[in-house]
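In what follows, a structure is listed as structure tokens, so that the remarks can point back to it.
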Amino acid sequence: MLNREFGSFAEFDSGYDDAEIVVFGAPFDGTTSFRPGTRFGPEAIRKEFYGLETYSPYLDMDMTDYKFHDGGDVEIPIGNIEKSLENIHGAVSSIVGDDKIPFMVGGEHLVTYPSFKAVWEKYPDVYLIHFDAHADLRDDYLGVKLSHATVIRRCWDLVGDDRIFQFGIRSGDREEFNWAKEHTTMEKFSIDSLSEVVDNLKGKKVYVTIDLDILDPSVFPGTGTPEPGGISFGDMTGAIGKLKGLDIIGMDIVELSPHYDNTGISTAAACKIMRELALAAVSEKFDRKEIEVE
Amino acid sequence: MLNREFGSFAEFDSGYDDAEIVVFGAPFDGTTSFRPGTRFGPEAIRKEFYGLETYSPYLDMDMTDYKFHDGGDVEIPIGNIEKSLENIHGAVSSIVGDDKIPFMVGGEHLVTYPSFKAVWEKYPDVYLIHFDAHADLRDDYLGVKLSHATVIRRCWDLVGDDRIFQFGIRSGDREEFNWAKEHTTMEKFSIDSLSEVVDNLKGKKVYVTIDLDILDPSVFPGTGTPEPGGISFGDMTGAIGKLKGLDIIGMDIVELSPHYDNTGISTAAACKIMRELALAAVSEKFDRKEIEVE
Amino acid sequence: MLNREFGSFAEFDSGYDDAEIVVFGAPFDGTTSFRPGTRFGPEAIRKEFYGLETYSPYLDMDMTDYKFHDGGDVEIPIGNIEKSLENIHGAVSSIVGDDKIPFMVGGEHLVTYPSFKAVWEKYPDVYLIHFDAHADLRDDYLGVKLSHATVIRRCWDLVGDDRIFQFGIRSGDREEFNWAKEHTTMEKFSIDSLSEVVDNLKGKKVYVTIDLDILDPSVFPGTGTPEPGGISFGDMTGAIGKLKGLDIIGMDIVELSPHYDNTGISTAAACKIMRELALAAVSEKFDRKEIEVE
Amino acid sequence: MLNREFGSFAEFDSGYDDAEIVVFGAPFDGTTSFRPGTRFGPEAIRKEFYGLETYSPYLDMDMTDYKFHDGGDVEIPIGNIEKSLENIHGAVSSIVGDDKIPFMVGGEHLVTYPSFKAVWEKYPDVYLIHFDAHADLRDDYLGVKLSHATVIRRCWDLVGDDRIFQFGIRSGDREEFNWAKEHTTMEKFSIDSLSEVVDNLKGKKVYVTIDLDILDPSVFPGTGTPEPGGISFGDMTGAIGKLKGLDIIGMDIVELSPHYDNTGISTAAACKIMRELALAAVSEKFDRKEIEVE
Amino acid sequence: MLNREFGSFAEFDSGYDDAEIVVFGAPFDGTTSFRPGTRFGPEAIRKEFYGLETYSPYLDMDMTDYKFHDGGDVEIPIGNIEKSLENIHGAVSSIVGDDKIPFMVGGEHLVTYPSFKAVWEKYPDVYLIHFDAHADLRDDYLGVKLSHATVIRRCWDLVGDDRIFQFGIRSGDREEFNWAKEHTTMEKFSIDSLSEVVDNLKGKKVYVTIDLDILDPSVFPGTGTPEPGGISFGDMTGAIGKLKGLDIIGMDIVELSPHYDNTGISTAAACKIMRELALAAVSEKFDRKEIEVE
Amino acid sequence: MLNREFGSFAEFDSGYDDAEIVVFGAPFDGTTSFRPGTRFGPEAIRKEFYGLETYSPYLDMDMTDYKFHDGGDVEIPIGNIEKSLENIHGAVSSIVGDDKIPFMVGGEHLVTYPSFKAVWEKYPDVYLIHFDAHADLRDDYLGVKLSHATVIRRCWDLVGDDRIFQFGIRSGDREEFNWAKEHTTMEKFSIDSLSEVVDNLKGKKVYVTIDLDILDPSVFPGTGTPEPGGISFGDMTGAIGKLKGLDIIGMDIVELSPHYDNTGISTAAACKIMRELALAAVSEKFDRKEIEVE
């Protein structure tokens, strides 16, 4: 199912058996409605990661102190959307089946659905923290049920009300914003209420999905549908820092479309957010392990 | 005079007779002194508008609830600046003659002069709210009287002192800044005093001109003369929200030069500002109409 | 089925009923395996066509002397490949049902299959002239039967041996080249044998498909999979000139991916090839009409 | 009138009084109808010239053996087309008044008119050799008489029939091609008849204007209106080599728009063509001088 | 040693003897480890400076009131790093030897070492204010002692502890951050403590080095190693304003790599920061001169 | 010495011990005088190779029938030119020491010197076939002896007269062209005499170096110093086909600078030339082996 192509994410160099977190790419953009190209996201991040500092001055942690494995890319048979999503689901099922934490790199946002589903099958009480510019709550998009524009609605189909927390949303149909009032917890535009949510989710299983277009297009232009008015990079790293206390059992970052940003700053931002999120997730696991050891 | 070429701005799909606001393009960049290309602004905005959400989460309003008409582009005979400006003036005169509100999409900033003049001819007591990075208050530019760099000075020639309010200005000659102290109300760098100005202009006729280069180049690089240190997109939408109470009888957005921004984020920002400004203007008219009906 | 969005191809301005040729866009790139983006092809060509001379100095013909209609774009529900192809098939069936000639603008090469199929259903004795860099003769591609890489093989499934003529092929699996020896007539690299083929097809119904990547990437870089070593623009217009004597009852040009060419030369080339092919096809019909009139 | 701004064209470093050829820039693009930006042509060529080899292996000549002067750029008051053309005319009048040869670097093609006019005023029997993709023979363009699209027609207004030789023309209205049959000598598409023309013009005064878009867009994409199907760089240098025998008393190269070519190959081609043309022109003068000295 | 090539920085037009500040370029990028191209920095800034307003609305000062000289570029023999650094050292020694203030435009950050060394040789009590995204405190980089990644460590070799003040640092090895705790004064991420530092350095000789990548990549993408999470342009100009009270005896701005930013906003930001820093430095000197005159 | 980073060139997947040809990258651009960036060449080619067809329709050979090994990239300590060249020399010495054929992917052209030297040390009677736009015969460049502009002169220092054959040369100093007349065999502009040279070198050991800028910039814009007037891709593949009969014991392709070509066509051309050259070289070895087996 996993297919190593361009080598590994640098510093994700542990063996699979040792690793706590298994990173993999899902280069799928089959339902992207505007500018395609997130299929090139994993490749771009791998290439850029090679030059990245392993030390985070934000968290004062270093990736070399932890164990990450790069499982390569899930195979995506272009033109067969159903099979592509199955392959993602299979990969994540296998990783959580081995009691490891999956960290998926998209690809468009629809890839979150099979990943989250596989995690939910193992942990049916999972909560979803969702960072995004878009609500992604349509019931269908041009008649299509499985779409980047419906993905959080499909996740809701699994877990129901009061389990999904949305941050930074600044674009959507009127109907989506109205639907959200009944079924999810949504903060429009910003992420100020995150601390409170984190406090409430302490001890719960949490899946984190970051659609990188939550960032302002000035710092992240390389995405399919840039939406001005986003949060800053500092806001995002601050938010990730707050996640440290949570029991994250799955996560993803999606929607980097590198060909639309020749300056490379979008990929640079994606890599740092990946580093911060991986460290935030593993720090919790590490603390927990220490306690278990005692 | 109006010449429909590339189809309509999506959602500006009412017939002319029904419409309250008539949108049109003025693809003129004949006096641009640095990087030309604002002639491609209307075309780029029309293309991008097609995918834009009609719902504004900022204003909680939806464009589908109002009536906009796209009148196409004014004909610009390249190499004949005088005739180009005449055509713009004629188009706006015709629109305001029909008691509709013109919304012009530039083109360079000089297009504001014939548009504002046509509005002023009907409403001689009109006030001008001017968002821009540049003062545009030179009396001439390299000996030329009608120029993007003199346009607000030419508007002042029409209305005189105490009628022009300038926001966000961060570039100009020393003489322009000194001249402004006597003749206009200028806030340098920022837009904090807008609320106060809006309070004072309640009940007055107002023309709003937004030179999009007031935005920071990080969010709006696609313009002829990018000036670092601009306001954020959130500042701009916030400012537009404050305009809701005003009696806007004409408006324009200018200086998008899309070829200088391959990422497309400048056009995305322009479209959203256009949506917000159109909604802010029509919301006022709609309230007024209700009162009139009663 | 047809959905007019961004206005018409300039000079394709006859009404549907009058028109001999009906042009439409098929903005589909759902099976593109390398760089996506041909979905933007019709839009780019429409925009560029506006400035194109209607007169061809190659053919000494002028588009204003003939009747073309732009039917807009076929609706493509992103994420539903089957339905997308159905919509294309329906549009072409309708056009040929009205005894008009369809001229499709892709999109990726797979769109040729539903278009050719609809033409073949009406004219089962149709021949296929295929210009391309790639053989497109795989039986499946990563397990997928309907793909840009299998499209000519799928057309062969309809018409069988001795009906397909391929020119300019310079890339493919060894198996494809071997298979072609048995089932199609293929000229590798160049198009020198076209005159002979045209002579043999005089009086036969012919469908012409031009994958624009037959052109050298130097003149046509804006495509998903550029293959160096292609034919020149002059070779291509020369080839089209030779097609004048044929009874073309359907045609398409595909694989322009404009975002990969910021210079715009690819779109310029596509427009001129479209003009030349439309004129070549209509010139034959015009001659035929004169004869019929007598 | 001349205004040195960005320093000199490298190797055009003689003083004005010594120089045989005076090079200057005319950064004017005020009537460009499609993509503007030729105003950046002189600046781009100067910058690139710095790294160019002075030796031409085509002509086996070296620029260091001759005397060229860079007079800087003509002042272009943006928004005042008439004055801009006057300034060019004045600069060329002054250069030919001093019995030197002007070599103008555009800017758009309209700059040829004031330059050619100033040369014609001194040498009323001058012939014009015109390399271009476009006929430029319209009598007016959108009602405008002085335009890049009318420039050769305006030159004809000065010299009349049988004095203009056009090469490489591949785009224009049907009317232009028909008009040319009566009034100029035009070779469509190619330059094969140049040798014959050169033979006939031996001993005559000749002005050479090269619209660089005669080159194929593959080698020269950085221009306002790229037209596929142009001549190769080798064809162009070959043509320039043939000009060596002529008495060139004025020349220009126009229509480089460098911002539309991020690769820089257009500017590289322009520089080499400038070097070749300057050497071809001076080689003739040098021979003549030798004879005069004796 | 100095070699005038592309003409002068506009408004740096005083003669050398008159000038208080001597600006020069150091187009060196010989140790850049990721994306090279800062060699094009001086050229890009010179070209852009031509259109820049001389008046600073931030400082309410105008460059035309002061005397700056542009000394051209230091010669950089590509492939000879040692000699390149020697040439820079020689240029700065000569400038400070004439009691003028050097203002160097890089190039990569390593150029600061020979410049700072020459200043330190004359003023051994000099302090260093360092704005940067990177700590640049490695002792060696891949075994190389003189590198953009070691440059501040090399400066420390000269002046020792308590003389270096670092601001905005957000990337580096864990070891660098730890080393800084002992040997420099470092503010991570931001520049809030600058006022305090300035107060303490009143009356001391200060060298200011600005690695422009301290700016957020959104406003300054054109650099070798963009690091998201930087300070804003307004923060930077605010910081420069605070430097006005200091006795600046040398300064530089480095790491503009213009080819990586086709929008040009990075160069625009660099020019304005250069203007602000030059004005801040000269304002202090001017005050001092007044006192001396008395 | 060899350091595998980004994974392997696809289809260069044999183990080292089995392989006949060992491919490796030399990402060095330390003496590039104009536009740097060839350091990104190996990475770009590896990424692109993944999608390349293994079958060559030119040679009717398939890479899957032969054994290639990818040894990764030579370590390049940025800022230490001497050590970088030593590392390349060491890698090639090791490969030829194992009786394998090195195939180096640059990097700038200077990398050919240490590679050729290592081959020459084993095979002192080696001949050099050199494809290039530039003569590269300077004795020094700005005082530097080891430079991309001197590399063939340095190779001549090793082997002397009558051993170097240069093709396609179209740029250089007058002195270089004159020097070549005495010491090398040079064909200017084209490659017509290659067949004759190949005939004469039958049975001799040959090293082939291809500076990809021999190609016309239209098909290969992504290089440091594009020179218009180059050979076509078809010419180049034709030339490689002629090399089949030779005993190639070392080879390289250099000077791809991928960041200067956003369309990707340069990398596509480089990959195909690499495939053709590898197949041409191995075909000879395979024939030889067959004979040996008997």
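The first chain written gets the first letter, and so on, giving A, B, C, D, E and F; residue counts start at 1 in each chain.
What we mean here is this: a residue touches a chain if its C-beta (ideal position, glycine included) is under 8 Å from a C-beta of that chain, and two chains touch if they have at least 3 such contacts.
Note that this is a predicted model, so its numbers are computed, not measured.
S.K.: Any chains in contact with both chain A and chain B?
M.R.: Chains in contact with chain A as well as chain B: C, E.
S.K.: Hey, how far apart are chain D and chain E in touch steps, shortest way?
M.R.: The least step count works out to 1.
S.K.: Which one, D-E, B-E or A-F, has the same contacts as A-B for more than half of its contact pairs?
M.R.: B-E
S.K.: Is the number of contacting C-beta pairs greater for B-C or for A-C?
M.R.: The greater number of contacts lies at A-C.
S.K.: How many Å are there between the centre of chain C and the centre of chain D, using C-alpha atoms for each centre?
M.R.: So the centre of chain C lies 39 Å away from the centre of chain D.
S.K.: So, what's the distance in Å between the C-alpha centres of chain D and chain A?
M.R.: 57
S.K.: Tell me, which residues of chain D touch at least two other chains?
M.R.: Within chain D, residues 33, 35, 216, 218-219, 260, 262 contact more than one other chain.
S.K.: Of all possible chain pairs, which ones touch?
M.R.: Chain pairs that touch: A-B, A-C, A-E, A-F, B-C, B-D, B-E, C-D, C-F, D-E, D-F, E-F.
S.K.: Going by the contact rule set out above, which residues of chain B touch chain A in the complex?
M.R.: 51, 53, 55, 57, 62, 216, 218-219, 233-234, 237, 262-265, 268-269, 272
S.K.: In the complex formed with chain D, which residues of chain E make contact?
M.R.: Against chain D, the touching part of chain E is residues 4-7, 43, 46-47, 50, 262.
S.K.: Any idea which chain E residues touch chain A in the complex?
M.R.: Where chain E meets chain A, its residues are 33-35, 169-174, 177, 188-189, 216-219, 221-222, 225-229, 260-262.
S.K.: Could you list, by residue number, the parts of chain D that touch chain B in their complex?
M.R.: For this pair, the touching residues of chain D are 29-33, 35-37, 39, 77-81, 83, 141-144, 146-147, 259-260.
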